[in-house]
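By written order: A, B, C, D and E. Residues from 1 in each chain.
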Amino acid sequence: MYGDNALGIPILTIVTLLPLVGALLVALLPKNAANAIRWTAIAIAGIDMLLMLVVLFSYDSAGAGFQLVDRFRWAQGLGLEYYLGVDGIAVLLYFLTSLLSLVAVVYSFSFVNHRLKEYYASLLVLETGMLGVFVALDLSLFYVFFELTLIPMALLIGVWGHGRKLYSAMKFFLYTFAGSLVMLAAIVSVYVQASGRPGGATLNYVDLIQLAPNWSYGFQTWMFWGFFFAFAVKMPLFPFHTWLPDAHVDAPTAGSIILAGVLLKMGGYGFLRWLIPLSPEASVNFAVVPLALSVVAILYGAYITLVQRDLKKLIAYSSVASMGFTVLGIFTFTQQGVQGAILQMVSHGLISGALFLGVGVIYERLHTREIARMGGIANLMGVFTALFVVLSLANLGLPGMSAFVAEILVTLAAFRVQWWLAVPVYAYIIVSAAYMLWMVARVFYLGKPQEYHEMPPMKIWQEAVPLVGLALLSVLMGVWATPFLETMEPAVSALLDYLPVAPDTGTALLP
Amino acid sequence: MPPVVYPSVNLFAISSIIALVVTVLVVLMLAVAAPRVRGAIYAAITLAGIGTALALAVAQSGSAPVSTFSGSWRSDTLSLFLTFVILTSGILAVLISDSWLRLHNVGQAEFYTVLLCSLVGMITVVSATDLMTLFVGIELMSVPTYLLTGFAKHEQRSNEGAMKYFLLGAFSSAILLYGFTWAFGLSGSTNLARIGEFTANGGGEARAAFLLAILLIIAGLSFKVAAVPFHMWTPDAYQGAPTVVTAYMSVSVKAAGFGALVRLMTEAFPGMYREWGIVLVVLSVLTMLLGNVVAIVQDDVKRMLAYSSVGHTGFMLVGLAVWTPENRLAVASVLFYAFAYVFANLGAFGVLAWMENHGGGTTLDHMNGLFGRAPAAAGALSIFLLGLMGFPLTVGLPAKIFLVQATIEADYLWLGIVLVLLSALAAVFYLRVMFRMFMYEPRYALASPSQPLMVIGLVASVVGTVGLGVFFSPVWEYAQRAAGA
Amino acid sequence: MTPPLEWYLLFSAALFTIGLVGVLVRRHVLVIFMSVELMLNACNVALVAFGRHLDTLTGQNFVVFVVTVAAAEAAVGLGIILSLARHKDTVDVGEMDILKQ
Amino acid sequence: MESYVWLIPLAPLLAFAVNILFGKRWSGNATALVGIAGVLVSFILSVLIFAEVLGAEEFEAWNIELYSWIVSGDFDVGIGFYVDQLTSIMLLVVTSVSLLVHVYSIGYMHGDPGNYRFFSYLPLFTFSMLMLVLANNFLELYVFWEAVGLCSYLLIGFWYTKRSASDAAMKAFIVNRVGDFGFGLGVILLFVTFGTLAYVPVFDRAGEVSTGTLTIITLLLFTGSMGKSAQWPLHTWLPDAMEGPTPVSALIHAATMVTAGVYLVARANPLFNEAAGTLQVIAVIGLVTALLGATIGLVQNDIKRVMAYSTISQLGYMFFALGVGAYVSAIFHLFTHAFFKALLFLGAGSVMHGVGGETDMRRMGGLRRYMPQTFATLVIGSLALAGFPPLAGFWSKDEILGFSFIQHHYWVYGFGTLASFLTAFYITRLIAMTFLGEPRFDTHAIHPHESPRTMTVPLWILAGLSVVAGFVGIPPEAGFIHHFLEPVFAAHGGEAVGEGGHSAGFSLEVFSLMVVATAVSIAGILLGLAVYARRVPALDPQVWAGRFKFLYRMLYNKYYFDEIYNALLVRPSRALGNGLWRFDARVVDGVVNGVADSVADTGGTLRRIQTGFVGNYALSIAVGLIALVGALFFL
Amino acid sequence: MELHSLLFLAFAAVALVAAVLMLLSRNPVHSVLFMLLTFVNVAAMFVLLQAEFIAAIQILVYSGAILVLFLFVVMLLAGGERPLPVLNQPLQARAAVIVGLVLVSELALVVLTSTVGGGQRGPDSPEHIAAVGGNIEALGRQLYTTWLLPFEIASVLLLVAAVGAIYLAKEDL
């Protein structure tokens, strides 16, 4: 039952499903036991995080293939499996998920006082969904987890959000749901296609990558587009990104952290784990589309960010640009590109998660997200300012922080594919510096908040520690990226070997 | 004068309907003998009856297909599968109806009589292999549903819904009958298999006439399953009917109607599947589109669900439309969908009925903040709506997947994608209800009469919706066997 | 011999169409219902004619059931009309419009 | 010493860490002392390394790999150190100036509430700058290239509540990023071309690569230099950077960071040598910048801005020296310039300190009486800048001009000499306006005073260095520095010292050029004194400004570069952003919402079909029926 | 033979005209009477087709029971005394006529272009029927043997119709 699981216990199952159990636990607590609910949620998320460390330490980063596998057939005769496993592409994102979930849960401790039970239950269900996405190796299971994230996220936005929260929640849900339903049709196609093989139908990754290269080009084309929309919406890739600013602006802080930190990565992960392996030839041939869109996304996102007046929207649009690098890196199909893309996902998870937390810190004190109504925060909250500025610098790709490594790798990869692709992309570093510094100056340095609210210092465990921790992780990745890159190396190499591309120049098949 | 030769009769094959008819008699006699009986005694008797019928159907499921009564009845996996579906919806209907009947002082004996008779009709519809039996069965299915629609006889909307349903139902029955007439006249037999022999080669010189028969039949049955443009009665009748009745008939009539369609198309006209297939493709697209689009603009949840049920008819039609003699999945996917639909849709209407019993209503405003007032009800309704939406871990997802799979098998991928996109559209109105329940402030308090049977019914529906969403494979395998039979 | 089958069928088609048009153009609930009966009658004619042409009594048997069904429908229809009459003393389907859109 | 190199950057880094974490709670000069301690360690180590490099018979460059930073496929970049003669000189310059600025800042920053931040950023900068010069590969260089930019940003915006400081900091960072944009692409192209970024293999194989590729690479690298070293057209940030505290201007914006561009070109000389086209571009840009800076410097009234333009101009000198292949001369000038320009800035800081923060020279005058030490040191610095023999500036500047002349770059020589004349003139003007004549400030409100010892001592040290630093370059092209640096530039076949068909040392040709240079310098000084000290009526600056109104306006407004960039780049960018945003809302999102709305509208229309009238319903059925039956004729 | 055809034409003509008049007459009672006329003519047609039993129940059930029931209800309802509602949707009327014309031509086209008499010839030739004992005898035999199941189910249909109709029509319970 537990394939080559070194630990002998179904650790991935435990880690993945523990939050779901926690959600049930929370749901069973009495409504007015506020602190009990909070502590239970924190305990669950914390234990999950500890178990995640077990996963990390028992993961052999030099090993190829999937590790810590849990596997059994759950639909007899249909060939569907419950199949969990991590490889180098997944393990970092898997870790990131539990980290940011813990941050979100802890952050919410005193800031959420309304309908607590539902809140924490939603957060925990969301965590299970996200964790599952990164370890599910059967397409059916993947789809289940992929969709499972929708409802709690929509609830988080709709119930605990601000502004046009219902509109945003609805938009978030429908947009991503529509994308993933097309993917569903593609999954069913895979199933039908795969059911003709000798061993019976299958949807598991390991079997599918044996089959996919033999599929006709026409079928691969359909696979490509079928999966593309789901993940492009999730990323979100231009022009499917418009749900993102709305969702971010109206989401509660914890929701934004999760949304930016983890949810968007599901798209990039999906590209790597499913779209490309299932349409190897078509991915290479159609790569020009995501490449072009990602270049547009980077510049388009950056320029729009330049004129944002809402702090959350600013960071949200900057995410569009940042995630553009992920897509760009992936579809270069070079070692540097793909590794850079994964690194960018992890890095963006840390940085944007922390930035949104920072926005929360400000919002809790000033009750506004409008940059024009902020200012001079540096005079009142020095440490916070320092942290936020560091994170902003990380976001604009300052060397020594994680985003730089990712961006330089991706740009290098793009350059190798087509030099003129890299030139506009790299111009991003100018624009990103402009908007981040402009924001920092307006929010922290100049002026005073319009209505001088009291600015209590940061709450240590809820605000300061997560910010410091995330910033430190980003710095660690920035100054010593090798271990992270080595962890993903075997998986990325395997993926690239699988594709019909030249190892150095990737998609250089482009005209 | 030659002696009368009696046909061989296998009573075991029709034992389910015998059990139901016996139950009808028991109920009627009890009503006559003890008119003052109160409480859940009728419900208990009815449940026992349907349960017996279900047990007898299960008992038959192991044996080989039985054809009896001069070939007018066949008990095979297809009919048994649909019998399960119908009887399941019957049981759930009884469970959720009890408290409404008692709260509104509706004649229980009459209600259960009519309900049981409609079950007899539906089982006949799905088991009949002869046009004559089928026609009588369809009428025995329809007439009780007209009656049930009007069962809240003190409510004008109920009367009016019944009136419309009745008039249009009779109208479409006539169209259907005309189709049967032609099918009989062209082949000289009312037996489906015999007709099938005539149409095996595409109808020969009578091709046009056979097509006429097929199209008339499709028109007539499209009315029963509420396919566009024969669906117009649906919103009015569904909204006018007592909610429990809507719950019941929205799932069972559809299942039986599709059973009849499947039988007729695949047994009587299999040789002309290209022709009727394309017609059904067009109908399915129209139906999916209209049902889901108009549902978006409804403010009454009951009416919204009525339109959504039109949409679901469209989805199911997709499954049948892509039928080919080789495509085993087509019929199986329709069957599975019908089963899946029972739990989700009946459950959804059931929660509406629950709310009405509590003094609430069925408009969108009534849904506001339901989660705060009645978390269990809101949670249940959410699960049902997610099921209808086709969300993972509910039965709606595999149901939709199998339909799509069938389209792919038949190289009709675009139809599958249309289906999938319209499912996404459908999410709009289901979500809106959920949003109301979770994100709005409640408007009023709910009374809380005890409704034990209702709760059992709803819990059973939840279990069905979620349980089948995870462990769908036995049902799916059974459906595939039924389709292969 | 007897007139050809086609004549009967044409007659049946005409009768069916008249019934159908009747359903569409009349607002009196009973007249609508009678139009439906007309359609059923058209079917009956065709059934009997087909049966006669093919030397089978199945058509006539079918008619027996059709008549039975018509009777049952009539009973139910009148029941519904009467229950509706309690609220609205009308036979005009045009006035039955609380359910729409 | 090879195994202790890592201590050089580490010491200031530790100082930074200690100060940023704990400095806030400390009172007095504790943070300053921590900073000084850190830099002092670096300084001592640098001296030791210099001694070792100097003492070795045949010094082989140290190439130390610290750890593997990024490994991805064939992209393998580590963090490491590369120490050769050039590095050791740069280490000396950086650590010594840094040390002096640290000491000076004790006095200068005394009492500033952000003291601890200042003494955190300054070591951080020192660390970054040291890493920059120590880097052993291009990506590492790039990283610390940006890191010093960050420190510059932080320090320019040190008084962040001031709008102008904040804007200046942003501007510095963004303009530098424009340069880095090119630099980064250059690094990437380097890697794509060579398959590695480490100095040694890249330089070894420079000759194997086509000139075209190398030209592009070097041009891209030079873009980075233009940004960092404030070369035209990316020079606009440097004058604004004067918003930072003056010690910062001295350290970062005069002595060290801004010379990183020069260092880059010198370091990558094997590449540049192969790209003649690039060298020409560098020469032209350097020359343009030298003139641009010198001319604008003529009319500015802000004491620090004058110096800033002077820095721009002097950097231009270094670049055209590089452009004509005089690498050593460029480094020599970098070396001397570091001392006298730091001295000038610190002196200016001392002046400002004395007059309560005033920077406008029109409100100074006659300060000589109040702050004699500052005056004396500043005069030494000015003379060094003006190229007055035998001060440091004379030797290095003269060598550049001489080299140009001897190498037959006569136009370079001509314009260089013109710039030299202008330099002498504006620095005299600065001294005259500040120290000579009568006070033009309110003597009742402001009581100028000499600065404390912590400030004057560094001034004197720097003044001493400004005097003697030039001697390492005597005789021209054959001095100590030339021999010392020869391996760096000769090893790769560059136009090494003493080659090129002319004799090094004091030839007649060289000597005559020196005379000319001295004459030009003295002419400039005399003219300056005549105009601003003596106030010769015929030379009244206002009259001349009126006469050449257009020219004056152009100079006074710095050739309108800021305005042009605003109109051509900044505003269009924002307009583009706004346009795209509107596009996003109306078109991209509009399509999404439009689809939703149109579906709802369709639904609204379709629901009206449901009239409630049975006849209509039946009609629908009937129409469906005839449509179906009609279809049979087509099936 | 000629006579058969002539009679058929006559009956058909009268039936159709009566049917059209039923549609057109304003008074529901008139409608019922025209309906009766149609039914009688159809019954006569059944006789022509040698379906005597069917003709009989056509008269008995339709004319005798159902139409009388209609008349009863028409009288019962107060609405019956009001002037009959007129269709006030000209579009609907026009559409109905067009639909009717299209439908009848489509049906006619099918009847005339397709082979409609090609079905399986059954065992119930006139000789066979005569041998069994006539139309009613033969019909009865089949009804109670071959069609036993639908016959029983039809009985359930009548039962439920009765129960339901009574429940709905009942004043109160």
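Methods note: a contact is a pair of C-beta atoms (placed from the backbone, for glycine too) under 8 Å apart; a residue touches a chain by one contact, two chains touch by 3 or more.
These figures come from a predicted structure and were not determined experimentally.
Listing every chain that touches subunit D and subunit E alike gives B, C.
Distance from the centre of subunit D peaks at E, each centre being the average of the chain's Cα atoms. Of all chains present, the one whose mean CA position sits nearest the global mean of protein CA atoms is A. Per-pair counts of C-beta contacts peak for the chains C-E. A separation of 43 Å divides the Cα centre of subunit A from that of subunit B. Centre-to-centre, using mean CA coordinates, subunit C is 97 Å away from subunit D.
Between the CA-based centres of subunit A and subunit D the separation comes to 38 Å, rounded to the whole angstrom. Spacing of subunit C relative to subunit E, judged by their CA centroids, is 6 angstrom.
Each of the following residues of subunit E touches two or more other chains: 87, 92, 95-96, 99, 103, 107, 110-111, 116, 119-122, 146-147, 150, 154, 157, 160-161, 164-168. Residues of subunit C found to touch two or more other chains are 9, 16, 19-20, 23-27, 32-33, 49-50, 53-54, 56, 58, 61, 65, 68-69, 72-73, 76, 79-81, 83, 93-94, 96, 98-100.
Contacts with at least two other chains are made by residues 596, 607, 610, 612-616, 618-619, 622-623, 625, 629, 632-633 of subunit D. All chain pairs that count as touching, in label order, are A-B, A-D, B-C, B-D, B-E, C-D, C-E, D-E.
Interface of subunit D with subunit B (complex): residues 596, 599-600, 602-604, 606-607, 609-610, 612, 614, 616-618, 620-621, 623-625, 628-629, 631-633, 635. By the touch rule above, subunit B contacts subunit C in their complex via residues 131-132, 135-136, 139, 143, 146-147, 150, 153-154, 156-157, 159-164, 166-167, 170-171, 173-175, 177-178, 180-182, 184-185, 188-190, 235-236, 239-240.
Within the complex formed with subunit A, the residues of subunit B that make contact are 371, 386, 390-393, 397, 400-401, 404-405, 408-409, 413, 416-417, 420-421, 423-425, 427-428, 431-432, 435, 438-439, 470-474, 476-477.
The touching residues of subunit C, counted against subunit D in their complex, run 20, 23-27, 32, 93-94, 96-101. The residues of subunit B lying in touch with subunit E in their complex are 1-2, 4-7, 9, 14, 17, 21, 24, 28, 69-70, 72-73, 105, 107, 110, 113-114, 117-118, 120-121, 124, 130, 132-133, 135-137, 139-140, 143-144, 146-147, 150-151, 153, 162, 184-189, 194, 198, 204-209, 212.
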